[in-house]
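To start, I am sharing the structure in question, which I have written as structure tokens.
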Amino acid sequence: MITGKILYKRPKTLKDVNMSYCPGCSHSLMNKILCEIIDEFDIQKKTVVIAPVGCAVLLYDYIDCDSVEAAHGRAPAIATGIKRVNPDNIVISYQGDGDLLSIGMAETIHTANRGENITVVFMNNAVYGMTGGQMAPTTLVGQITKTTPSGRNPENEGYPIRACELINTLEAPYFIARCKVTNSKSIMQTKKILKKAIGYQINKKGYSFIEILSNCPTNWGMKPKDSNKWIQEVMSKYYPVKIFRDKGEA
Amino acid sequence: MITGKILYKRPKTLKDVNMSYCPGCSHSLMNKILCEIIDEFDIQKKTVVIAPVGCAVLLYDYIDCDSVEAAHGRAPAIATGIKRVNPDNIVISYQGDGDLLSIGMAETIHTANRGENITVVFMNNAVYGMTGGQMAPTTLVGQITKTTPSGRNPENEGYPIRACELINTLEAPYFIARCKVTNSKSIMQTKKILKKAIGYQINKKGYSFIEILSNCPTNWGMKPKDSNKWIQEVMSKYYPVKIFRDKGEA
Amino acid sequence: MTNKIILAGFGGQGIILSGLLLAQAALLEGNEVTHYPAYGAEMRGGTCNCSVVISDKEISSPIVNKPDILLLFNQPSKNKFEAKCIPGAKVLINNSLINEQALRNDISSFYIDATNTANKLGNIKIANMIMLGALSKITGIVKLDSLINAMPEILSARNKKLIDLNVQALKEGYGLF
Amino acid sequence: MTNKIILAGFGGQGIILSGLLLAQAALLEGNEVTHYPAYGAEMRGGTCNCSVVISDKEISSPIVNKPDILLLFNQPSKNKFEAKCIPGAKVLINNSLINEQALRNDISSFYIDATNTANKLGNIKIANMIMLGALSKITGIVKLDSLINAMPEILSARNKKLIDLNVQALKEGYGLF
Amino acid sequence: MNKKILMKGNEALAEAAIRAGCRYYFGYPITPQNEVPAYMSKRLPEVNGVFVQAESELASINMIFGAGACGARCMTSSSSPGISLMQEGISYISGAETPAVIVNMMRGGPGLGNIAPSQGDYFQAVKGGGHGDYKIIVFAPASAQEIVNFTVLAFDLTIKYRIPVMILGDGLLGQMTEPVVLPEMKEIQDDINWSICRGQDQVIIRSLYLVPENQLELHNLHLQKKYRSIEKDLNKYYEQYNANDCDYLIFAYGTTARVCKAAIDRLQKENIKIGLFRPISLWPFPKEEIISISSKIKKAFVFEMAQAQFEEDIRLSFEGKKEIKGFYKLGGAIFNDDEIYELIKKNI
Amino acid sequence: MNKKILMKGNEALAEAAIRAGCRYYFGYPITPQNEVPAYMSKRLPEVNGVFVQAESELASINMIFGAGACGARCMTSSSSPGISLMQEGISYISGAETPAVIVNMMRGGPGLGNIAPSQGDYFQAVKGGGHGDYKIIVFAPASAQEIVNFTVLAFDLTIKYRIPVMILGDGLLGQMTEPVVLPEMKEIQDDINWSICRGQDQVIIRSLYLVPENQLELHNLHLQKKYRSIEKDLNKYYEQYNANDCDYLIFAYGTTARVCKAAIDRLQKENIKIGLFRPISLWPFPKEEIISISSKIKKAFVFEMAQAQFEEDIRLSFEGKKEIKGFYKLGGAIFNDDEIYELIKKNI
Amino acid sequence: MNKKNNPVINTDKCKGCELCVSECPVEIIAISDEINIMGYHPAYITDSTKCTGCIKCAISCPDAVITVYREE
Amino acid sequence: MNKKNNPVINTDKCKGCELCVSECPVEIIAISDEINIMGYHPAYITDSTKCTGCIKCAISCPDAVITVYREE
């Protein structure tokens, strides 16, 4: 048996099971990061994660917190219902780009606009992962997907939507940021930002929106390493990584 | 019989019937203006107006053009269906604030984002007119409505949403403007802007979004004149009247 | 004994409110009552009417298709409803706004200069109370006192300050006959 | 004569594709065929299998619950399906990835070193074709030629360049027995 | 006893909900039920409750899904088109087994239709307008007082069985003002140890069960078992009016049933032996009682403001044993008692 | 004759739609029908058609409402939860009488359920999951070839009657690959002089008729008349398998019916006189034929992947004349022929 | 330049919203005490001789019930 | 300062995504030729003595299958 001081170990809130995400998927990583933060705040018993319809639908099989599985796109509405009943619980709406920006656009904007005191974790992987790689609202121009076989053409499909910029036009949100998780350094930064957001929620500051530029190695047809490189070199050009608003710092 | 040169007369496309809008309502006015523009472009036979669910639901009883009556909030989706089948027809989606920004938020943003070559006329009267004066997404802070009996409170209901600013974060739209129709001068300006928008559509330039700060004397509990004054003095402070984007001028 | 009443006029003439007041007064007198507004299109303007049923036993249908009492506040209402009432019906007509010619001779028509009288009392909006006052006197279906006692229940949240004026109008209407 | 076949393995081992090639080959030989993938969860990973039915008459049920032919590509599949096949079934086992111990003695097991052979041919992904080639030889259910002729239909839009390699693998598998 | 006061159906419903412990309302305006959100927006803050005007009916139904997941007594209300938009959500809530009270004040359809009273959503409510096999409890009151009583019951049942309960009214019931006696404010002590936010071991509220055979099938069998036991428990909600010793029996519910009574009174004066059977719970449907009564009559009539929707359930109960003649009003039109009287006279 | 080629159900459907003249597809991804939009996104541009991935199923259904208002042959496809979201739109399209072909490849429910084949949306499709009185034509094919044939027919009928036509399949039919013979590309000459964008006098496509009595009621009566005439026209879509001179008859549709055939073959070998009656159009339901066949048998069995939904229509046809025994699989579980065989043996 | 202008209000269809009243630079529009068939107090022209033909009234009339003529 | 660090990869649960590999500053993580029970080629530590204990590998492992110990 190996002993010694533990420098890093699997967070407690992350169940000891295999996550069924593909190898190298950002979903796995962000599930883990979330658990680390939950552990660090010691809020496991009062956190509710809303599982989206998307690759993260089984979130609750990995994160050991109370959970509600939403209908596709409706996670923010469900989060609203929960938070209004239990304002002291920590409610996290975890959603993909199809879920959050396509079918769930109305709920996303209105929940942000009401300034519900929740944290939205937005996994932008520029594609519909779960259903096998169709165009997402965030699919880049020219990107080939199952439903844009010749690449996304703005004439027909419009342009990729920038979620943070959109939400930044609303008054109520407290904290809006876009992050990436392409290497250990950016992962650490992202964790810091997400932790801040959840801290704001704990302190009843209001709504946070944290976008994570994510990969989907499987549907992008790339190795995980290459997918992270693509985020670094292509995706983050269109979706600048930055803090858009931080009322706590203002 | 009175004769002489006619300086102003009821536009031809406006049917010779009583519009069932309340006295002094901006809907009446904008129905008329639309007809004037249709007449001036001579496009009556190729224009399709989409009637929303809202006080303007009977639009087609006043405007003598082909028309489809949409489900609440879905006018832009219907407009998309029509325009994709008949790109040479002029398609106008006429919608209230509840219709366009609340239940129809997703369709509004995605249609704008696809840059459909249509014209959206957005009647922002800060209230749900047809259903008797409930809060709209654009209801001002403090404004009393049927569902905000103590005035809109941002803590509970969030802030009024600025549609032009929201849509202005998207790439595709060609022309975005906010207008008012509080007196003959502003009416003339608004007409010019809306005519420009429809001209862009005729020339296949793409999507235009024209917001009209509108009154609802009935549900605001004001005389029409006072309602226009309120737009002038209160509403247009929060919703600045301006051209947000004009790719034709850029 | 069951009375089936229709009140009809323009939107804004306080039709629904006076129907409610009538129902409340009848309830105070120990009757069963129903009130049903024809809420029509989801919009303002146009005609407006409501049905009130007052009975000493359980009311099955709240819908009145053949009224035995009619309160008509404007011309279009007269055109629409006069033909529907039963023979012998009592028809109260606001002849400030309606021409007097009755189309049927098997009904009893009563003419009330309600809008003008209301105007004289300083508020055109209380024509409805003038009509109700007259109704009480003419039909006895509810007592004037009951109408007055019912007032606070109905106006409570709304224009309480106007109660006095409304009571005055009720009395005025009652006094007209 | 009706054959009910299940092919099973990991996602990524080309299970579905080889099932389709088998069905296409059988169709070319004039049979009725159905192919039904167990598409499982809406996600990647895990096991993957498909049912192929080949018959000389109309096929009623495309679902195979008791196969008479089994192609097993990995250990979990063996664990799951070996027990389900009918007595006398022919079971083809990719023993590059599966231990050889048959759990039943009422079936005929055939061991094919498919993954390793594929590796030797330079592409681990064509293990499926090795298995199909062997299937043709062992069962005669479709001719090798039919499989080869079916190839362009199935691979057309995908990896046409790989056709040669795939054909080579088919032959290799055929030659193993 | 509390005093009789005049209340509009919609407002009586809202107040009854509050007295039944409802503290969370999420809804979106639509005629003819706008008095419900208006009332709630004023009243809920007075009792420390929460009123949220949702951005749509989709949001409403999912907000009460969230609130219900917390074990809260929560409600939404709408009318026909809005209820159609809730079908996905209702299916989810059914699958996830959370409490929810849903009010549908039906209006004329299809499509935008109009805002007049209708019973055209019977199938949607009773057979399930959403996807998959599920049932919801449906009450069809016929007066303001019944609206009050069944709204209170709805909250108790939705908590007890963790199943959506629908109050199925119509524009007339919502808009009509009648005297009602309101119940006292209820003290709530709900057993909700299945719900989230209790600081215990993980609770998952879900409707996904990926593996058919050993997950979703079992879950469905569990749901069906629950439905059978609810059918057993709730078999007493119907009214009979002059239904003993009848030659003819009218079947009708809600508003239509009221109007039928007026016609029956007239017909009985002419010594025609006719009565009314009015189901109040539409699911569970009082089938046993109808089967037994069907053997005692000569002929049945069905009246509904819809095209032979309710009638199908009567037919399923009758199984061809007696003749059934149905009469329908469509598109927001309402029967009046004269018409019913005439139709019966012509058809006996 | 065209050559037999292997195609997946979903792709066969998409290609058949194109050959039937469909040039406008609006849809949103959902398993198990993702091959339809994928195929369309590639194929439609080749024939100058339009493919739009909508932002949701709500948008999809309203986009085809718009396209249909132009008289276009247009289609959307989805699976159970997505179809629930379309219920309001389907009610609108029904009220407005525009053409629309809607595909539902059903999956296990309720709620998110799973993606396995199911028949749990029968009521929704056939009784009307949306609000108000309307009907849609529903075809339930049982093979890739039938998917092709009925998709082609669907487009002709939706244009002819201006009524939504649904292809009601399931995950198995969508995912299964079978040989099909495709029809030739059709030349379209549709009579659409009721539609917008023809540069003529004003055309209004609407479902609002504010006044009940002389507007919406009449409109509904018109719709009902249309439905009655469709019922008369489309009464021949069913299959009988060994159904002559039977003691026992199985009623089943779609996937389930196929599996039943395998069991019937086995049972017949044991000299049990059993056959299959398979409705292909679920609305109109081949009721007359079922009534007449019901008199010739001893007992009926119903098999469906749902809880007694389809069975209700069989019961409504039988009117208690013969015993009916129903068997159900829920939550995406599929009958296999052994099970059916055993169940029949045990119950005859 | 001295041509006479003639603003005509369709009194039956006027809703009495008064929006034209304040628009008229020469203040020749007033609201009547009478009620029209729709139940509104319609606007009317007090002195058409003063009309400048600026059509501001017509532009601002929501219900398009004002026509302005110029003598030829 | 010379304490020994010990990075441990749970080979059964590693999905072989290789993301840890490029993170290691001292390049001691490699991908195995073997296939684990999930069908993946797992990562393994080539020479743990070189490990600096920087935990970059663990941070970047999506599936949290790396634990890093420090000798005490």
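Order as written gives the chain letters A, B, C, D, E, F, G and H; numbering starts at 1 within each chain.
Following the convention adopted for this analysis, contacts are C-beta pairs under 8 Å (C-beta built on N, C-alpha and C of every residue); 3 or more make two chains touch, one makes a residue touch a chain.
Keep in mind it's a predicted model, so treat the numbers as computed, not measured.
Looking at chain B and chain F, the chains in contact with each of them are A, E. Path length between chain A and chain G in the touching-chain graph (shortest route): 2.
The distance from the centre of chain E to the centre of chain G, with each centre set as the mean of the Cα atoms, comes to 54 Å.
Centroids of chain A and chain D (each the mean of its C-alpha atoms) stand 40 Å apart.
Centre-to-centre spacing of chain F and chain G amounts to 60 Å, using the average Cα coordinate of each chain. Counting only residues that touch two or more partner chains, chain H has 38. In chain F, 31, 52, 55-56, 58, 81, 88, 92, 96, 111-112, 115, 206-208, 210, 334 are the positions where the chain touches two or more neighbouring chains simultaneously. Those residues of chain C in touch with two or more other chains are numbered 40-42, 45. Contacts from chain E toward chain B in the complex involve residues 28-31, 34, 37-38, 41-42, 45, 51-53, 55-57, 81, 111-112. Chain contact summary for the complex, chain B toward chain F: residues 45-46, 48, 51, 57-58, 60, 64-71, 74, 77-86, 89, 106-107, 110, 114.
Chain F contributes residues 58, 80-81, 83-85, 87-88, 91-96, 106, 108-116, 118, 120-121, 123-124, 127-134, 206-213, 215-221, 223-224, 306-307, 309, 312, 315-316, 319-321, 329-334 to its touches with chain E in the complex.
Those residues of chain E that touch chain A in the shared complex are 24, 26, 50, 52, 54-56, 58-60, 62-70, 72, 74, 88-89, 92, 96, 196-197, 199-200, 202-208. The touching residues of chain A, counted against chain F in their complex, run 53, 57, 69, 71-73, 98, 102-103, 105, 128, 130-132, 134-135, 137, 146-150, 156-157.
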